[in-house]
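Which chain is which? They are A, B and C, in the order written, and residues in each are numbered from 1.
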Amino acid sequence: MLAIEVENVARRYGRRWALAGVSFRAEAGSVVMIAGRNGSGKSTLLRVLSTAIRPDAGTARVAGFDVVREREDVRKATAILSHASYLYDALSARENLAVAARILGKKASVDGLLDRVGLLARSDDAVATYSAGMRKRLSFARVLLQDAKVVLLDEPYGQLDPEGFALVDEVVAELKSRGVTVVLATHQVEHVSELADQVVMLESGRLV
Amino acid sequence: MLTALHKELLLQWRSRAQFLAVLVFGAAALLLFSFAIGPDAQALRTFSAGFLWLGLLLSSTLTLAESFHAEMENQALEGLLLLPANPRAIYYGKAIANWLQLALIGVSLVPVMVVLYDAGTTRIASLIGVILLGTAGLSAPGTLYGAMTAQIRSRQTLLPLLLFPLIVPALLASVKATSLVILGDPMGQSRSWILLLAAFDAIYWSLCGMMFGRVVDE
Amino acid sequence: MNELANFRTGRLPYYLLITGVLFLLAGSYAGLFVAPPEQYMGQVQRIMYVHVPTAWNWMLGVIFALVSAIVFLINGNYKWDARLEGALEVSTLFAFLLCCQGSIWAKPTWGVWWDWDPRLTSVAVLLFAFLGIVALRNFVDDPARRAVWSAVATIIASVDLPIVYYSVKWWNSLHQQQSSPATVSNQYYFPLRVNAFGMLFLLSAFIMLRSRVASMRLRDELAGPETI
């Protein structure tokens, strides 16, 4: 079963084409690494897959749903760890996750997740007091909360310490064992290629 | 939607210092109006309703802009929409929270108005009622346009520019109704103004709710 | 977006422009020199021969803007966004003209530049509203967002128009009653009709031309990548 089908997707920002015709496919339960330099279009590709933005040309299907016409369904099946943390600085870690949990209708244990990502001790402090690495961990917890079939990770290793690295590896392995499709955009090419089943290399918005 | 509302109220509570600052701004505006008119007690009292609502309107631009600040700094709004969250629920949660905050500012400015313009009244309930209806009229389109302008540059100038012409009927009706409460209403006109306000609120709360989804779409 | 490639208006706007100007010349001549002066207001009343047609056509412009906005939101065809852009700017122009004409009428008649007539005041409010939307369009670079946002804003502003009108009317009625400046009796219909059509042609021509410019820019903004 194909979890991801991208067909000639293109997306522009002003006059610049961030993605200029990218196609690839991924089987369910596989780990895909998207590699490329800064500005090659990795984030844009993930954002299109998450339905945060629409493609200006081409089509894409995630978890069997079209990203333009069946956005709600894609969103239900997908979770993205984006460059932006999606957090409310004035709220605590626990409150941030609680808001997401309630919207999702999940009674999942917020504490359990916080412990997993190593934030339980500071879970009642406002996110504004967190370091960049801690915010990343919280965003990660938020992704795990969603229990998605397709997980999109944009530079998950960024700002993390060595324990953080291990955490990400651990989670990716676990997701894979559960049949979740993971798409990782990263600079850590050597590190991830051990985990990845498939590699997509981007350069200036195109495949190489 | 209740979750959204709860989140909004929590955020507002956390930034209550900001609320105080807006309140002081409103009070300062009322003070400045009295200087602009001069020490003519009669004139001040006659126009007190107008000053109150002008002060409230100016304060609203600050409040509305602020309400989207938290959403934009880490793209939290996008995060919510991708969960997926229902955009309409988000809109109403925000609009209600903004409404409550504006109403609170309005009610807090009443004592300022009473003191500066000698514009007291015993019909407190009516006054609060008008403030509630009027601020609801400000909040609905204000939240919609706040969402729009938060995402572009020059947001400070664009929000009032878009909002002010739109809420002219709500402003007229609120000022008139408030004025009648303060100065007396021998001919029973306030009913029509209240009805106008209610109609404005009904139309815009539904219309803006419908449009919000398209506005935060990318 | 192929739909924009077909946005051709041909020579029609130019014919409309010429016809419109001719009509206006004829109607204005009739209004200024041929029609007899009005009983109470004298020569000043002649401005009605321009004011009333401008008002009718402004209304048409606003309706066209509203329709373009709604159609765009429904079918997403950028042709309608181009039309919306044209309609917004031309309506703003007409609204501005209306306010000027109203002032020109008000000064000799009432001694003041503005008299809070409900109709004129509504026009002023909508003038500002549309100016705001035009400003919004200039501040948003992404064509998709710009189109959706200005369509939404146009709908909201247009829905407001009747509400503004009634609220100002009630508000004004509490003060002295002033006779409406837009009454014209039967004998004077000819210059009015001619000018109305003249303005209609001009309105259409301006909107068409402005929309065409908008569509050209949109075509450029929405073009596909060079090799795809």
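The working rule: a contact is a pair of C-beta atoms (placed from the backbone, for glycine too) under 8 Å apart; a residue touches a chain by one contact, two chains touch by 3 or more.
Everything numeric here is computed off the predicted structure, so don't read it as measured data.
Novice: By CA centroid distance, what chain is farthest from subunit B?
Specialist: Here the answer is chain A, farthest from subunit B.
Novice: What is the identifier of the chain with the smallest separation between its Cα mean and the overall Cα mean?
Specialist: That would be chain B.
Novice: Rounded to the nearest whole Å, what is the centre-to-centre distance of subunit A and subunit B, using the mean of the C-alpha atoms as each centre?
Specialist: Once rounded, the distance between the two centres reads 38 Å.
Novice: In angstrom, rounded to a whole number, how far apart do the mean CA points of subunit B and subunit C lie?
Specialist: Comparing mean C-alpha positions, subunit C is 31 Å from subunit B.
Novice: Indicate the whole-number Å distance between the mean C-alpha point of subunit A and the mean C-alpha point of subunit C.
Specialist: 49
Novice: Mind pulling the residue numbers of subunit B that touch at least two other chains?
Specialist: Those would be 218.
Novice: I need the residues of subunit A touching at least two other chains; which ones are they?
Specialist: Expected reply: 54.
Novice: Can you tell me which residues of subunit C touch two or more of the remaining chains?
Specialist: none
Novice: In the complex of these two chains, what residues of subunit B are touching subunit C?
Specialist: Listed in rising order, the residues of subunit B that touch subunit C are 141, 144-145, 148, 151-154, 158, 161-162, 164-166, 168-169, 172-173, 176, 189, 192-193, 196, 199-200, 203-204, 207-208, 211, 214-215, 217-218.
Novice: For subunit A, which residues are in contact with subunit B within the complex?
Specialist: 50-54, 71-72, 75-76, 78, 80, 82, 84-91, 95, 99-100, 102-104, 126, 142, 146
Novice: Please name which positions on subunit C make contact with subunit B in the complex.
Specialist: Those residues of subunit C that touch subunit B are 73, 125-126, 128-129, 131-133, 135-136, 139-140, 145, 148-149, 152-153, 155-157, 159-160, 163-164, 166-168, 170-171, 174.
Novice: In their complex, what parts of subunit B are in touch with subunit A?
Specialist: 3-4, 6-7, 10-11, 14-15, 70, 73-76, 78-85, 218
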